[in-house]
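In the two complexes that follow, chain A is the common piece, with chain B as its partner first and chain C second.
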Partner chain A sequence: MDRRTFIKAVGVLGASLFLQAYKSDLVKALELSETKVLWLHGVECTGCTVSMLDGGSPDIVELLRVLNLKLLFQDVLMMQQGIFVDGKPANTSELNSDILLEEILDNEKGYVLISEGGVPNGPAGSGRYMVIGGKTYKETYEKAAKNASVIIAIGQCATHSGVNAAESEIKELLDHRGIAFTMEDSSKGIVNLLGINTPVININGCPAHPDWVFLTISAVVLGKIKVPDDLPYLLDEWKRPKIFFPPDHVIHDNCPRRGYYDHGELDLTVGGGKCLWKLGCKGPYSHADCATRHWNAHLSFCPQAGSPCIGCVEPGFPDSTRPFFVEIEDSGLVGTHLHTVAGVAIGGALLAAGAHAVRRTVLKKPEEKEGYAEESVSEKAEGEK
Partner chain B sequence: MKSNNNPSMVVERYTVTDRIAHTVHAIAMIVLIITGLKIYAGWDFMSFHSARALHMIAVPFLLAVNWILIPYNIFSEGHGLMGKISHFMDHYIFGPKDAARLSDIIKNFFGKGKYPAFSIYDEEKGHYETKLHPLMKILIVLEGTALFLIAVSGIVLYKLDWSLFGLPIASWITSIAGLIAPALGMSAVGFLRFLHLLMTYWFVFELVIHVGILEFDPHVWKYYKAIFWTGKEDLSDAHYSEYIEKYSRFDAKKH
Partner chain C sequence: MVQVTIDPLSRIEGHYRVNTEVSGEGVITDAQSNALVFRGFERFLQKQDPRDAALLTQRICGVCPVCHSISAANALDELFGVAGEIPKDALVVRNIHQGLNYIASHAAHIYVLWGPDLANPAYHDILMQQGDLGNAVWGELSGRFMPVVNQFDGIRLPPGSSYLGAVMELRRLHDAISLIGGKMPHAVLQHVGGVVYSPTVADIQQLASYVSKTVNFVEAFTLGVSPDTWIENTYRASSPQKAVDFVIGHLQDLLDKSLTNNDFSHSSGWGDVSLFAAFGSELIGEKLLGLPVSMKMDRAGVYPDPAKIGFLSYGVFFKPEKGDGYDPASPADGRVIPSGYMNGSLKLEKFDHQKISESINHSFYIDEKKDRPPWNGVTVPEENPEEIDYTRGSESRYSWAKAPNYNGIPCEVGPLARLMIMGEPLTTGLVKAFQDNGYSPVNNYTRMIARMQEVLVVIPELRKWILQDLEAGAKVAVHTDLSMAKDSEGMGLWEAPRGALGHWVATGSDSMVTLYQAVVPSTWNLAPRNSKGIAGPVEQALIGTKISAAENALGVDYSNPLGILHTVRSYDPCLACAVHTLDRTGKHPAYAIKVV
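And now, the complex of A and B:
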């Protein structure tokens, strides 16, 4: 063995011994640091959680594992329950969800808060329309939101209060609030009401698409989105990521039925295979990538499956997009109907035109036929004096 | 009135640019209405792409005529700023005299009184005192407003992120529409589409009024010839027109 080879062999041996000795420390250093996630449910149907469980690329377990997420609390998935004995929370956080949440809110900070569902503010600002474990959800939410590093509001109930804030006789009484907006109004978002400054990212939809949520969480956790610095140019005016809710595209642009629209082949009854516009499809008004991303393991989406888009990602949903199955231009305005108003006006004008034509031609008086309005110049001048 | 053979009785009613503006406006508007309704209703007499192409070709013509040529025509008349303003007010803005004329026209329709002259030429000043049917003056203002609304809403329908010199015009329009739309229970883009169609119907309505009522009278047909071709009006034809003879005011004062 020559000297050069000996030194090389010693070097390799030293390196391998070093790697062996510090293997676990090196792996730890290379792993993603743990990110804590608090997932709360307000007023909603839990459809968004169901939608998240349907996610496929990645699925929710893969998401938690790969990104090293620690799911602190998720009402639907965890095993703890609210246990009360003689009106007081019993046992420990191992079994009691209320105690667990209490401990999280007291001890944790800087977590990602996933907000599913809206926050009730009624009646009269008390928030008592949703009480869990003896506390209003509004109170719990305030604490949770203040200590979060970022709020990711998922689903229309959270982003804009959705069906909870839709026009109804009890809307004012219930006063359900979205996180950053209530319908289109940012001043009515719960964070505004409670003076919370935590940045909010909205993932709209009824429900939200798992890809939209998981990819957003991933981007935040991996530092691809720097919160809050990157948010102003990554989000649109409704705080939605432009990548999923493109301001310059609507679902209609990429719809597989678009060719029928271009040919003017429009279905007038459900069950057909052509463009659904006349059946009230809101694809032309809805900003989302449904038509390219697809749902249900990326297989299909509403219009492709035969149902007109109901515009569930739009800020005023459902008020701004209903009646769901009536074309917007056909839905009426202030109690009238555009086509009827236009038809009556144009028809009336045509009738008037006909009457006018008859009057000016057939029913003309003899003196008019000879010429009239022949006022003398002096008369005119006299009149102007 | 004086002799029908007096050559000085023939005056220029519409300049060449007036006639070009009207003709281009008429053609562009008809193309836009037909192709627009084809796109909206899915009529199958032409392809979507042809309709859209024609629609987009007609747009710059309509806008150039309305926002460049017509303002030029209006404000090239009259001397000095005040002269231009008074020309604009006299010729295009519905005033008390127009209200009186319109009232007389309606009465005349029901057989009472004479049909008032709405086209009055002042020989001394060498130009019209007023020229248009009083109802036309109302329609013109509404037309300008409708045109603005349909153009603005059309920008967003054309391209949701349309910008000019880096200014995000379409986004601004959508944001402004977003202030109104919720009150009507609509989304911003939905409201703009609704508005675009509503204005289309307005133009159809206006066309019926303009052609079918105001201009559907054998005595008015002389103005068709003037607006599309000759640009001249023979004031010796007293139907709906009159002229204030030179020195007539002076003569009238003497009396």
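And now, the complex of A and C:
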């Protein structure tokens, strides 16, 4: 199977189907040498670890086994903890996580680094808002990132600093950093600050979807994504795999409530079953395959369950998408944080139907797009306005 | 005196350090509980649309996001003036959402976070002195509770059977939440005025099916007997004594069979709870059942002075029988698991939320006032890197957690506090049995048994909410408008799986947030000293605890301090929750809101 077919398959099939279909590749993987994985937690809520435990096909243990991965360190899933007696590390790496981590950082190279959570840089660049085992996490992270072959940043705190960098009076003081970006700014990513050149793949989301993470790891370990050579065309400008975060496709496109939107039937109170546009849905601006992949055993996703999409995969989340329950065209967001995606999203919305909904927004030449927008504009939706 | 420090404590949510002074006899004489990370969370809700709080605050914690979203929704209900009108079915959906997460969160704690300590090599060494019986029990402990990442005498052992089974149930329960809440973690179900999704007939059947599959796991792995039999004879027992007699009788039956063939496997009826119930306690295992060895967890994690500790519950799970609406102040009869306060001598009092305050004397915050109520919280984080030092001892500032108090007393919160306050028969009976036999009623053993038992308390209620109380397709939200939140305030009292959780919110004339404050369970449990110098609950529980396994059974080993690990982990620490801040500048002391 060639690389492009493989990548496509990763996107189209669910994880378990994917593993079944490409068993022969996976069998070969077992003959490959072991791949080591180091998983570190920065400032986060551990929700991404929980989300990975929620991955069912494959589950995390199966994934480690079939891909011949050796999880070196994961502080929620390990026996060890840091132990000091009179200030000196005690016991061995079988019980002491500080010794284990030091051994890894001193001896291992070329591992896959899974980064969950952001890296605190404050106060005043000291990193002392997070001190673990007597060292700042920033210091530990620098060593870990330098010797990795690739960094897979999982979840919004790691990819863009997410809620940790949300607007507040103490934001500058806290100075929590994402790995390759802080919000939309790549110069503020911790790897740039520390001068680290290790390639980064971002798996956005709050939390990240286990399929996105597991399938990306699978593709990297099986050599189907060559790091770094393939990354420029496989990843978007935010370093997200385009297959999961399609630049030309938004959640709105495949929303099960889409029919109501096309008919202009829009809910004004939560708890109903119709389109959530008036309740502030950011689905038309959010690039992810949630609507086709679904979450947790592929059961549902936010708008299906009656909540507006809050754009948790977008680089500026949550500032770029809040207030969550206000229509985006009334919130003054378009043209600011969302400028990079709005053109595509609005173009997409137009193509399908919704001129009514976007007519007050700043459009970037939608007429250049091929389509039938004008014909299908819903009368009812116009009336609603 | 030897200094033993755990830094970091793994297998918890977040990043935590604990420092102890240990005597030559291996007894802990002093402790400092250090929350290590400053994340600065609620601060970014200031000046924002309050309706976002139910979705944003759950991002405090990925292990227990549900309780934050419900606490926030409760606070918003009052803020918008609709708490009295929330449709009954919305309250039932909140119960179901939280009930599913209680079981998932307790399973995660018992099996994934806490359980692996039962496979600590010290227990191998202790049990190997007990011949075939010890060998068999060690085989069960390591075969059931080994975590994914481990190294034992140079070899990586496979993850434990119960551990892996629990991960599967965690996933199943999260699938159930996703069915009605879109995804999990960070489900989107909770909203001011109710919930965003009204389950269909098909959803109800599917929810019931998930729960029944989890009940199968509880039977096969956790209990070894039918959960209904267990519930009937414990949670629904006619007296605390009968509940205890049932459990002791059950353990005795198992032992009578197994002492002859040394078979302690799941298939011979030894559920994980039974194995722990027998081998975890000196009183029950050694004294009552006649076992040659136990982990003696009932001797550790006890409070030396009842005058310096209390137990607190805000109450959780709405009573569907009461119909639409609820009282935000959570009166004693308002919730299925009731609110209440128990003092250190286990005397029950009525809960009054106005008695809550927080101290910052030993925290890295700056404020001229050392005690404040949460609805007037002011938090200025230390900005000088040199000052952020965890090693200066009990008199210094040493944590990012504040120290909450109830009437000036630090409180333990969580399943044990809840079930004692509820008067749950098994918990009440066990606590009394320990007291009557000269043990402290509250210890690492009762703390863990209460968490296990709470799963069995929630299961029948959850089935009732799903199959009897929830009406398919019912109205689940009242309409709200942002203008309804003008110049208002709200309080959301609830119980996270790990204990009492309160959210407080206030808004200005533009309906935007002027104050948002959360006081969370791990802040209570892992608090540093308060303004009177009284140690926090975990600190108190560590003092007097022996440093090594089973009361230093093999002598003092400072390098494998299981006494610390068991004690701290028995509280199910959640550090992302514990550390928070509200108002850095202190510009808004006028926003002292009066909470009704």
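Note that the second predicted complex is superposed on the first by the 301 of 385 C-alpha atoms of A that agree within 3 Å, B and C clash if a C-alpha of one lies under 4 Å from a C-alpha of the other, contacts with A are read in each partner's own complex, and residues count from 1 in each chain.
To be clear about the criterion, a contact is a pair of C-beta atoms (placed from the backbone, for glycine too) under 8 Å apart; a residue touches a chain by one contact, two chains touch by 3 or more.
Bear in mind that the values here come from a model prediction, so they are computed numbers and not experimental data.
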Q.
Which chain, chain B or chain C, ends up touching more residues of chain A in the combined arrangement?
A. C
Q: Quick one: classify A:H249 as touching chain B (first), chain C (second), both or neither.
A: first
Q: Figure out whether A:N197 sits in contact with chain B (first) or chain C (second), or with both, or with neither.
A: neither
Q.
Touch test for A:D86: chain B only (first), chain C only (second), both, or neither?
A. second
Q. Taking the superposition as given, does A:S33 touch the first partner, chain B, the second, chain C, both, or neither?
A. neither
Q. Counting only touches as set out at the top, which of chain B and chain C does A:Y261 meet: first, second, both, neither?
A. first
Q. Touch check for A:V61: first (chain B), second (chain C), both, or neither?
A. second
Q.
Give me the intersection of chain A's contacts with chain B and its contacts with chain C, in residue numbers.
A. 167, 322
**Q.** Parts of chain A lying in touch with chain B, wherever the complex brings them together
**A.** 167, 183-184, 237, 247-250, 261-266, 275, 278, 282, 284-285, 311, 314-316, 319-322, 328-329, 333-334, 338, 341-342, 345-346, 349-350, 352-354, 356-357, 359-361, 365, 368, 371-378, 380-382, 384-385
Q: Write out the stretch or stretches of chain A touching chain C in their complex.
A: 41, 43-51, 53-56, 59-61, 64, 71-87, 90-91, 93-95, 97-98, 120, 123-124, 126, 128-134, 162-164, 166-171, 173-174, 176, 206-207, 268-271, 295-297, 299-307, 310, 312, 318, 322-326
Q) Of all residues in chain B, which touch chain A in the complex? A) 1, 38, 40-44, 47-49, 109, 111, 114-117, 159-161, 171, 175, 178, 181-182, 184-187, 189-190, 193-194, 197-198, 201, 204-205, 208-209, 212-213, 216-219, 238-240, 242-245, 248-249, 251-253, 255
Q.
Can you tell me which positions in chain C touch chain A when the two form their complex?
A. 2-15, 17, 36-41, 43-44, 46, 48-49, 51-52, 55-56, 59-63, 65, 90, 108, 112-113, 116, 119-121, 146-153, 159, 164, 167-168, 170-171, 174-175, 177-189, 191, 193-198, 381-385, 388, 390, 475-480, 558-561, 565, 576, 581, 584-585
